[in-house]
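Order of writing sets the labels: A, B, C and D. Residues in every chain begin at 1.
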Amino acid sequence: MNTFGNIFRLTTFGESHGAAVGGIIDGMPAGVAIDVEYIQRELDRRRPGQSQITTARAEADRVELLSGVMDGVSTGTPIGFIVKNSDQHSNDYDNMRHVFRPSHADYTYNAKYGLRDHRGGGRSSARETIARVVGGAVAMQALRDVCPEIGISAYTSRVGDIEMQGDKMWYDRTVIDANDVRCPDEDAALRMRTLILDVKADGDTIGGVVTAVVRGIPAGLGEPVFGKLHAMLGAAMLGINAAKGFEYGMGFEGCCHRGSEMIDVMESRGEGRSPRFLSNHSGGIQGGISNGEQIVMRVAFKPVATLLREVSTVDDCGNDAALHARGRHDPCVLPRAVPVVEAMAAMTLLDALLMNRTVRI
Amino acid sequence: MNTFGNIFRLTTFGESHGAAVGGIIDGMPAGVAIDVEYIQRELDRRRPGQSQITTARAEADRVELLSGVMDGVSTGTPIGFIVKNSDQHSNDYDNMRHVFRPSHADYTYNAKYGLRDHRGGGRSSARETIARVVGGAVAMQALRDVCPEIGISAYTSRVGDIEMQGDKMWYDRTVIDANDVRCPDEDAALRMRTLILDVKADGDTIGGVVTAVVRGIPAGLGEPVFGKLHAMLGAAMLGINAAKGFEYGMGFEGCCHRGSEMIDVMESRGEGRSPRFLSNHSGGIQGGISNGEQIVMRVAFKPVATLLREVSTVDDCGNDAALHARGRHDPCVLPRAVPVVEAMAAMTLLDALLMNRTVRI
Amino acid sequence: MNTFGNIFRLTTFGESHGAAVGGIIDGMPAGVAIDVEYIQRELDRRRPGQSQITTARAEADRVELLSGVMDGVSTGTPIGFIVKNSDQHSNDYDNMRHVFRPSHADYTYNAKYGLRDHRGGGRSSARETIARVVGGAVAMQALRDVCPEIGISAYTSRVGDIEMQGDKMWYDRTVIDANDVRCPDEDAALRMRTLILDVKADGDTIGGVVTAVVRGIPAGLGEPVFGKLHAMLGAAMLGINAAKGFEYGMGFEGCCHRGSEMIDVMESRGEGRSPRFLSNHSGGIQGGISNGEQIVMRVAFKPVATLLREVSTVDDCGNDAALHARGRHDPCVLPRAVPVVEAMAAMTLLDALLMNRTVRI
Amino acid sequence: MNTFGNIFRLTTFGESHGAAVGGIIDGMPAGVAIDVEYIQRELDRRRPGQSQITTARAEADRVELLSGVMDGVSTGTPIGFIVKNSDQHSNDYDNMRHVFRPSHADYTYNAKYGLRDHRGGGRSSARETIARVVGGAVAMQALRDVCPEIGISAYTSRVGDIEMQGDKMWYDRTVIDANDVRCPDEDAALRMRTLILDVKADGDTIGGVVTAVVRGIPAGLGEPVFGKLHAMLGAAMLGINAAKGFEYGMGFEGCCHRGSEMIDVMESRGEGRSPRFLSNHSGGIQGGISNGEQIVMRVAFKPVATLLREVSTVDDCGNDAALHARGRHDPCVLPRAVPVVEAMAAMTLLDALLMNRTVRI
């Protein structure tokens, strides 16, 4: 299924080496001012070729909106958009036509569909996330109209075994984008950068963790049973290429502590006012519903599976084969995953916010 | 939304202190022999009052199937079922009518709906998971007809800071159910049990991790973009009460390693045969699609928020308040979460398997 | 699929000769006073055995709400309900175990599922509409809270070749229920009644048309492309057993006229006020969206296929067979279809109204 | 909502006077040969400017597939496509910026969204049906792979009060396309053509009925409760612009007859073989499930609301106004509706066929 969301919905299409990638945003509320340059700036943060530590594929990635906006305002009708592919080196992939790259989607696409587009990973390419960033940037513009205080702050909090200081806190984007790792701890960022360049020099890759903190979300969002807000956020994040884990609030670590250490005690701010939470081990979500505190999530991304060295594998007849990847690849996806995480959070939250308008008469 | 799944779908209803909990299973394929006693045995594993380390609420939890089965065989029509509530001590909750239990869903339900059923947590009670276990037990019977080798093995792999030896492996249920912690490492189980009784004696609670391993699943399941198999499994697991994190395969830990350490090299088993995977860091899922290896997941569950001691909080007018929970509560949800994790896995996999029938002509 | 609706959703279960029929209403807004006796009265209008012109099956059809309502008010959680089956004469159907009743769902259920519950039509029995009436009665209570002027008036407008005078107009229920045909034209009603009793005496059956008129609906409901309001209403009505056609506004007849005769000219009621429509050929819906005028629909119901006389047919081995139906059957479904049409309209409109809350920021 | 279907799904975007219209086809099975020229030929049948009796807007309407097809075969990934708009006379609509055309979607879009794209009807333009024809042509290619005997025959059966002889029968496309009315009764077609030219000369318009007959569909398609096959077909057809009614099989007319006249008696073709139906009053669907006979439907289309003469109306401030439409318009939509009806039938049937693969184990 290539559709995400319930009320606010993104449907996407496109392969790495096709004519274009794109999508349709449905359920965008009418009357929102749409700033195309804002969408483009978000896309530019995801764009390949930004820095030494990302892939050298050079794509302009210009978004074209084809519908749903008139005189700079959303009309409530679907927003179709495309981003043309340009810098395709399809020949780089000729040696992969019949050979499965290990730990990629090659073998499994073949198992599922009986065939696959081998050029640049086809549909399993990270270029598919372009449409997500467009969708997220559109969603963000609606969210800001409803929740003026909203902010989504995602950043690289871990690369390999290097962990930042001050994880799970809010940072301004200027701090995050101050370095090309997108880690707000400058010192850790430097060491992460060195590590990424080292693994790159080895033809190797490295994984890590992106943290996302959302503020300015009202209490009450999320469906409390199967559509718990963190389950929707988890599905959104786990749907990003290379994601291997999701946690929120206390996460895996907090679960080795006692309840008495992990409950978030509330105290009065005065009669008739919403309470103050003295801690946020819940990560802003209780019983699957937002409580108005910051939503804190962490997403683990695996090291990219494409190594620029020879690996042994099998071909689509079941014979042993060797593969030496060419092409242009990220040694570490974390910096470019940051805007994708933000986009998925924005779409999920707008969807939850719209759904929440229907629960009271 | 109280419906789970796309083709195989479970819709549930019921509050802790209402007349019954139950659900409707839709999309169950016709022609499957339905063993009601098997469903009941699965429910019995989830039942309260099983042992010293679980809540003392004594519910028989007998399932009644009301439709969809004739002469012991599924007919393809929806299976309605109910499980009556009996051992309700609603008065235990009188002091919570206007007071929010910290880190429960009380405050957030109120924020969402403007009112809430305070008795036993209402809809946010873990009794809601009864319907999931029934759904999972029904799904399992269809799965076995299609995949005779299928098995789902969930167990408690961590409680507090006690971790089992040999996590992420397959264990038979006889080994898992040999102790009431449901941990297949007997030595760790003993220490976990002691820890649970200790925290219980303190009126405190403790969290941990459930691991689930699935074998016998064919390659090809999962929708590779937004419906990645692990995203669906993640949403399923994160939708269980008290879940705080989900990871699969290499998980958070593996993401601090290099790509060269984490790729799953394939080698030939002979032309025309499916390959052998030399490792399973992918956790049985590549590009969002199953590869035929064991699916390995871990789910973090927080310590229960209900402490049997006085806690300070606020009431629904926004004033400070104190609360001393009575009622009967689990000091640790892990042992009873095990069958719920299995059920969610079974339903997700059957749904993926049915959806997969439509992708080739 | 046994779920109806998008936000307000009804999922149903149950066979004619099982333990019960029932359903789960999900997406009911919180805070609506729920009058169970009102629901029961609506059910009583659908109940078999009401009069000489309906089936003699004597079912009390008492609804039990199992969840989702506390202190007489909806809580926003799903409302599970059951209606027990009691007056089952399963033996009446023994001769149908292997024989397909012509123009029933027997042959097609077998073709689809490979088996079927032959007792009373199993799932294809009109008893399935019980759950629809409950769902509609619940929806109506929410609609009234939002649109105090709302009213849904359905009635029998044609039986066989007898057509009422004054079709497509609004009538109060007291006028409609003044006769057991539920036709507000007393003279036509008398002739319809005679016709029904005549065909009944022949062991035959007769079809006709139910008209439904809705007033008090605001402009703006309906999704203008695939979810046009009349497409949703059409799907709702065509999903009722025995429905063969749906039209709204000018319908089939109006389509033989010219545009100049069929446009609904508007005139001003004064600046800043909504316009007056001088006619309602649109039937209250333009471009798939309600315009605030009365919604006018007509639904054709075929003559019941069960004849109380011998018919020739085939059995499930493909051999010729003869069948003489016993059991208790309606000679004409129209009078009992009236409350079902109203229920489907109510659910569709509440769903559209809730969805409409998300289209503007 | 701008998505149609459950498994095979079409999502569309685009306004009359935007850059392009287009869509995304999701759920197309992998491995189907895709003939782009076939899609284009179907589009050409819907194209404006085909003949004297259709609008003079001259659009090439060339489809571009952007993804989902490799080496002429579907890959199972979504098929994105666009059709550029070219012959836009947006200035023709300047006088409609603030004035509501009667019986169009102008007033209702404004009521729903608070604003609207007034140029050429914006999203409510019939250009939206382009995407449907593309979707239908793609679906048809999958259907033919699965059901080699399948054929969908739609034609104009009535214009104004002129009815064809031999309605509800199957006709080859060569017979249907032999005249520009697309009516297989040559004599009626001539009279219809004259009528259309007459109303056009008056600046008026005329409506009518399209009949569709489907053959070669296996028994067993359709979900028997809310997703009855005819309810899905009805929703599909009623979602086409200007549709006012839908009926199948005996339809409205048949419902004035007795059951004994309307049952479809079966007789044996020999043991173990599917039966012969002696009549087809059921229209190929019984209990919501196909029975293998021809599916017979009729769809009523209203006369186009745009008259090329002055009409009185109101503006968006609520004041009286007069409007004299310019622009280029169809005096009768029937001929161009024919390929749209076929497309909706093809998509609905493929969707039902794919869903049906999941109902047996």
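Descriptive notes on the structure:
By our rule, a residue touches a chain if its C-beta (ideal position, glycine included) is under 8 Å from a C-beta of that chain, and two chains touch if they have at least 3 such contacts.
Quantities reported herein were computed from a predicted structural model and do not represent experimental measurements.
Touching subunit A and subunit C together: B, D. In terms of C-beta pairs in contact, B-C outnumbers the other of B-D and B-C.
A separation of 39 Å divides the Cα centre of subunit B from that of subunit C.
Spacing of subunit C relative to subunit D, judged by their CA centroids, is 26 angstrom. The centroid of the Cα atoms in subunit B and the matching centroid in subunit D are 46 Å apart.
Touching of two or more other chains is recorded for residues 1-3, 12, 27, 30-31, 76, 112-114, 123, 359-360 of subunit A. Those residues of subunit D that touch subunit B in the complex are listed here as 7, 27, 29-32, 76, 142, 145-146, 354-355, 357-361.
Residues 1-3, 9, 11-15, 18-24, 26-27, 30-31, 64, 66-68, 70, 73, 75-80, 82, 112-117, 122-123 of subunit D touch subunit A in their complex. Listing the residues of subunit A that touch subunit B in their complex gives 1-4, 6, 12, 100, 102-109, 111-114, 123-124, 128, 158, 160-161, 199, 202, 204-209, 218-228, 230-232, 234-236, 238-239, 241, 243-252, 254-275, 281-283, 285-292, 298, 300-307, 309, 311-314, 317-320, 356, 359-360.
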